[in-house]
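One structure, pasted below without further comment.
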């Protein structure tokens, strides 16, 4: 079986989804930005008057979800109907933050790519903020953890929560 | 010491770089898309008449580098003067591909964010291609491995090659 | 009652509109660019061979309406189905022009933001044209004057015309 | 009869399509890049390890189709549901390549402009590649050859194939 | 004297600035969003766990500054080198917030349009947030208050502060 | 000799132009939209109160020039310093209009692609306007006619005017 984004002759194309149903669809993706414990403390600092680091990453992630079809060549444009992005200290690693994005649509294709794009753009935005104090940061473990809606039905990655 | 993207009062701003020198700058970033060995084989398949998977990811990465200031809120727009993106099977893991991007500019700030954006957009493009055959893929280990130019001079991540 | 663009914990999100009905919706916004009477005369000059100032503002406003979700972070992307932009001398002030934009869609959310964006982008375009001859211009009184469709039904701002 | 993109008073507007039916629609456009036979040979060279010229043009064309409403001021945004772009040596001219794009949607307006934009952006991308070796290249004969769906029904340009 | 954005024949063009000097330039613009005192209190609420309304407007304004040449047709693209956006309760009106944006560049043209765009996009973002609770809000008094650099030298609007 | 946009291994890349001089550069491109004489008359109609067809195409072309690096994957971003677009009845064909665009920059690469993009986007905009009355229109003869600046010096296409 070949990859559906490529025709039988190997050429890239945007696959025709006209025949797919318009249904409610949702996807959740996660990723981790690994840095140092002191940097995580600065990102999360709630004691600053206007500690906007997490808000900036969240807004960038939401806007990034809307730009997905401009970035990923074979991705279909979709009317995104809701986006949540969260950035929280990763429970098991004092030097990491976990980014989670959930995207909803009513459309003909799923929104995994939109959720993944939200996570990566939020992660890049955090990276940008901290690169002056930690040039060894890593954006890692970016993956889809749950999706629902569409022909393939509900799916959760092993051991990860509901979409 | 606070994060420079935030003022003393904690508000996000685009830091003024007017006083920085215009110099040649270069950055290299890497990342890994972890999937299955059979999927890597399909991505890399050179025997298809028009096996365009890697070309698509490469083009997406190059175009992504140019979109960096549209995506990362506090990033300065820069006249990118050259971009290379490579996607190769990861030597030590039959189920992974390694993505490398090198970006060059002559400007007032570095191009680490452009190189990281190129890697992540190329990685998301590959993810999009393979998600129908592997819903467990992970984009991981996205980091800067080398930079040169600017006031801070040349830098290589421990144990990684030259920019 | 909190603002709906923010969750109970205060975090910004793009509110989920999946459950809202797809209906015909329309909104009209207005604004005023206040400059000098001689500048208004130049903008409106119909005696020039190709007096394109108003056409340029109109086109910019129409294109601006389509860019709304790229600019306003928590705004939902919408399939705009019609846009009119008018720029006319303000009846009661020889030194001002009034900008009016009406936007239509068939979607799950209203198009007030699209109408307001069309007015402001048209206004900025006029500002750009005249700033060399009037550095004291002001874009002012930008507001929604009428909307129709959706659950909240028809609404007209006190003393202003129908959408 | 006036042009529908202009009101009775001559002002440009985005015509209201709210009353049009949502139907499946498809359009095919073609164009030709005329250069020299030796340049066509380089573009098409299948013997290079990674001969990505045609893939680059194809990807650019697909992405261009999605950008149509950003480029063409009075064009309605549309949820593109499929795009194919082909670049092949023109049968009757050893020094030319023919570009064909087919775009599909389910919407209220046709996708001729999306197909034409895909052809021109693919053509410009090829032009960019070869301009260093042929400054006399010409992008020519860009036209719609077939459309289907919508109120006007199916249409084929005289002597050209089906959409 | 005609408007410089129009040629002698009245046609719009992007005026050639090749002969202008590359210098440091700065501009500050202001605007006011007029709503109700209770709404201003919600926007500014510092007691919410993550009161991100002002941060969202600030980020939107900064990103808007970078999009200026995409929105304003005859505006030259510029390498923005710094942006600050502030949103504060207007001292003289309990129902209004004042938005201030300062933009810096080293380039051939001024950045008044970038500062005005930052103010209007931040203002539209606030409008979007509050429109569900106040449909009578007005974005008003958007104007340049100071500029420096370039041939025309420093300028302050009468009675307003330094850039 | 290979195409410079492709490396020795055939991979597409954005060629490094860091070593090229920053000089004043200019390019002029032309193209023709072929339709019917009665349609050309409508486009050019100067007797309509607000005959904005040509203004719309001109503005679209100018804005298109600025979007070139977003559309053409391997094109370098450039600070465009001036753009003129003209649309005039083609002297030798009552059913055609000729589109001419001249773009200027001070940068490291030429602006042929920007001039070609301006011509094609202006042409597509005209096509969009007239497609309801002429489905047989053709955008043709899009080519560079002159360039100046840069290492390769001045060049005029045989038999065509100065840049």
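In this document, chain identifiers A, B, C, D, E and F correspond to the written order of the chains, with residue numbering beginning at 1 in each.
The rule we apply is simple: a residue touches a chain if its C-beta (ideal position, glycine included) is under 8 Å from a C-beta of that chain, and two chains touch if they have at least 3 such contacts.
Model, not experiment: these values are computed from the prediction.
**Q** Measuring between mean CA coordinates, which chain is farthest from subunit F?
**A** It is A.
**Q** For subunit C versus subunit F, what separation do you get between their C-alpha means, in angstrom?
**A** 30
**Q** Quick one: which residues in subunit F touch 2 or more of the other chains?
**A** Each of 11-12, 50, 52, 55-56, 58-60, 63, 67, 70, 73-74, 79 in subunit F touches at least two other chains.
**Q** Could you tell me which shape the graph of touching chains takes: line, ring, star, complete or other?
**A** Here the contact pattern is something else, fitting no line, ring, star or complete shape.
**Q** Which pairs of chains touch one another in this structure?
**A** Applying the touch rule to all chain pairs gives A-B, A-C, A-D, A-E, B-D, B-E, B-F, C-D, C-E, C-F, D-F, E-F.
**Q** Contact residues on subunit A for subunit D in the complex?
**A** So the residues of subunit A touching subunit D come out as 7, 11-18, 69-70, 73-74, 76-79, 107-108.
**Q** Taking the complex as given, what residues does subunit B use to touch subunit F?
**A** 24, 55, 58-59, 62-63, 65-67, 79-86, 104-106
**Q** Name, in rising order, each residue of subunit B that touches subunit D in their complex.
**A** 50, 52, 54-56, 58-60, 63
**Q** Note which residues of subunit A are touching subunit B in the complex, please.
**A** Interface residues on subunit A, with respect to subunit B: 1-6, 9-12, 31, 42-43, 48-53, 55-56, 59-60, 63-64, 67, 70-75, 112-113, 116-117, 120-121, 123-125, 127-133, 135-144, 147, 155, 157.
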